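Labels run A, B and C following the written order; every chain starts at residue 1.
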Amino acid sequence: MDYLVAVLLPQLLHGLVFGAALGLLALGLTVIFGLLGVMNFAHGELYMMGAYAGIVVIGVTGSFWLALVAAPVIVGVLGAITEAATLRPLYRREPLYGLILTFGLALVFREGVRQIWGGDMRRILPPFTGSTPLLGMTYPDYRLFLLGASSVLLLAIWLFFTKTRAGIIVRAAVQDAEMLDGLGVNVPRVFTLTFAGSAALASLAGLLLAPVFTVYPQMGVEMILLAFIVVILGGMGSMGGSVVAAFVIGLAQSLFSLWMNPQRVAIAIFGIMIVVLIVRPRGFFGREGVLE
Amino acid sequence: MSRVFGWRSAVAFAALAALPWLPGVPKYYLLLAFDALLFGAIAMSLDLLIGYTGLVSFGHAAFYGLGAYATAILLERGILSLWACLGFAIVVVGLYAAVVSYFATARRGIYFALLTLIFAEVVFTFFRYTQTFGGSDGIQGLPDALVFPGVAIDTPARKYYLVWVYLLLAYAVCRVLVTSHFGRVLVAIRENEDRARFLGYNVQKYKMLACMISALLTGLGGAIYPIRAAFATPDLMLWTESGEFIISVMIGGLGTLVGPIIGGVFFTLLRDKVSSYVDWYFIVIGVVLVVIVLFLPKGLLGLRRALGFGRWRATA
Amino acid sequence: MARDGVVLAVEGVSKSFGALAALTDVSLSVRQGEVFSVIGPNGAGKSTLFNVVSGLYAPTAGRVSFLGREITGLAPETINRLGVAKTFQITNIFPEISVGENVSVASQSRAAVSGRLASLWRRADVEARVTELLEAFGLTAKRDELAENLSHGEQRYLEICLALATEPTLLLLDEPTAGMTPGETRGATALIKKIALARGLTLLLIEHDMSVVMGISDRIAVLHFGEKIAEGPPEQIRNDPRVIEAYLGPPEA
């Protein structure tokens, strides 16, 4: 019982928070993949730049909350510019070019950040430091806030995709991008805005997690690999699948780390992926169609 | 055989063979030439997948690194025969490549890139944290390998000839493949995978075979690296290494054999110059990659052809 | 050979995508050497039927057999190797290689050595067959042209060449004249019929344009909302009130 309360519950909570952040990243990847046909290798760098944008804003204003608003805007604008300048000319080309292009972008972003801010580990202090007793344990308030904030965020995204016209159009286009042409919408603008939105979400995840983790230029690389696993597990192109798989991986990651060292955790998660691929080659929610 | 080797490639290989005989070539440049030709040969092997079959592997560093570790492990234990090292590398890389290619070709397109990357990261993590294989330091201070008992590969010139032979063999293999029926089917798969299936081709089998061949050639390249460098480290398996192979292919041009060799050589020389003067080397590389994709999607050879020096042919 | 000269038997095939039933309990049998057409308005389930027969989809219920052998749910490449070739409604060729290479890749998949290791690198002599096919479809002059540079009509012919190059017993044609002018359509229809006769092929044809199939079909089946509503020789179909209703809507009351 003590073990349950003192060890397992906090770790579960941590896993949920981590899963939600992964979900934000994987959702962005899935939507961009469905819409533009590009698997965005630079997505992890957008996550990383969210944290650095936060560091800059906090340095100037001293306010974490202001950073939470400003960082997604900054990274979102950067995403929009990047999309319009580099991805737009590739719409009609083979997907392999998009893959290679975003790999190049990832290098530029990551090394650019390293040049400006250096390669050191940095920390962002949580905006509040208290803790709250809950279920016989005390939890840091910031972690509870994280859980609340990420739940609200995921709920808001869900509402956006099911209740708003813009959301419904994007969701339909993820399934079948060609239908956009028939709707009379401004396709390039939809693409750019969607890319900006996914960049903003990634940066928000980066900044929210920064007080719990550390901030360094490579932080995006580690996340993107997990996010790729999540996208594959969820079933390529399935938005709901991405979120479910994100929580599975988030929980697995934090529970495994109770019993294993980090590299064993990485290999164990990889093992999960292989087992799922053998049992369900299309992932949790992959759609039918031999030649999809 | 004339179909495999035109007179131009014969002249090129003869010129490369003469390099160590040129007066006043410093040892350093012979070793740089080793790296350049090794990189070129691996880029060419990778282009079998990217340019011919339309599959982007982000995990070639794992094949390369596994080959290097295979040699390093034997040399470290006093098994100095070159042939033993190469044989061991073929077995290790072959087993790993069989598993990777099976899973990665089960689904289409992007999926291949993601799975090769994820598999490679697992291999990297394994070697990076396994102390038996030296952890993050890798295996250092290896002795020279022996071609035959008593004949050590100890001078820069001998090391250079090792890579020369490797390049020659790899080129011959690739050349036979792309001019064969097999190569023609690979191009058809790149062009239109669905249609190839409806014409009776088992596409996954072809893709797996292409992936295995490319992986084995890359693994052999990895296996000769510790003979020149006297070490194998986990950094050889890092995903940026896979990225550098892709960059070499892109610089030289997709769907050709000579292009990626030139691309690999060019890239190695660029890295040698840029990384010693400029510490934002990766930014330069990233920008080069973006510019090539946007403006020169067929690479430097494509540029030459776009200017009117012969038509771009996908099949040769 | 199959009993009763039946080449293709579709028995009670249903296919649904989630809640949407694309095909419901469809049965038909195609006999040796005939031209059998499946018609129906857009969305009637014709393409789904083709995709089930050619192996793209496994049916939800029912079975498909070819020359007496069950092929339900086999992979497209396996079904093709048994002798069923398919053309596509939307032209589906290898755009960036030459016309000749297109056909020879297709032809090579049936070469004598195929399946053995040697076939991976040796090019069996398929030149004669490629020449003959290109000749038959009037594409000889375009042999070295990249396939993407052909006109629409020529690409439709190349599409059929690819399927024929695999030497099928049964050829599935999915709206072979899609996008052609009426004049081109007449020429193409006559050409297809002639080649089928010369090669002793059995044809299964999908069309939504009734006028195309009336002239060349031996028998016609009509699909409507995924169900077969009629089957018979052309003149019978032409006068079937249910077919007329399906195409023109219910008669005014």
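As a working rule, a contact is a pair of C-beta atoms (placed from the backbone, for glycine too) under 8 Å apart; a residue touches a chain by one contact, two chains touch by 3 or more.
All figures in this text were calculated on a predicted structure; none of them were measured in a lab.
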Shortest contact path, chain B to chain C, counted in steps: 1
Busiest interface, counted in C-beta pairs: A-B
Per Cα centroids, the chain farthest from chain B: C
Length of the line joining the C-alpha centres of chain A and chain C, rounded to whole Å: 46
Centre-of-Cα separation between chain B and chain A, whole angstrom: 33
Residue list for chain B, restricted to those that touch at least two other chains: 194, 197
Of all residues in chain C, the ones touching two or more other chains: 75-76
In chain A, residues with contacts to at least two other chains: 291
Interfacial residue positions of chain B with respect to chain A in the complex: 50, 54, 56, 58, 103, 106-111, 113-115, 117-118, 121-122, 125-126, 128-129, 193-194, 197, 239-240, 243, 246, 250, 279-283, 285-290, 293-294, 297
Chain A residues touching chain B - in the complex, by the definition given at the top: 33, 39, 86, 89-90, 93-97, 99-101, 103-108, 110-112, 115, 221, 225, 228-229, 231-232, 236, 261, 263, 266-267, 270, 273-274, 277, 281-282, 291-292
Residues on chain C engaged by chain B in the complex (per definition of touch): 54, 75-77, 80-81, 85-86, 88, 92-97, 101, 104-106, 108-110, 119-124, 162-163, 165-166
Of all residues in chain B, those that touch chain C in their complex: 176-177, 180-182, 184-185, 187-188, 191-192, 194-203, 209, 314-315
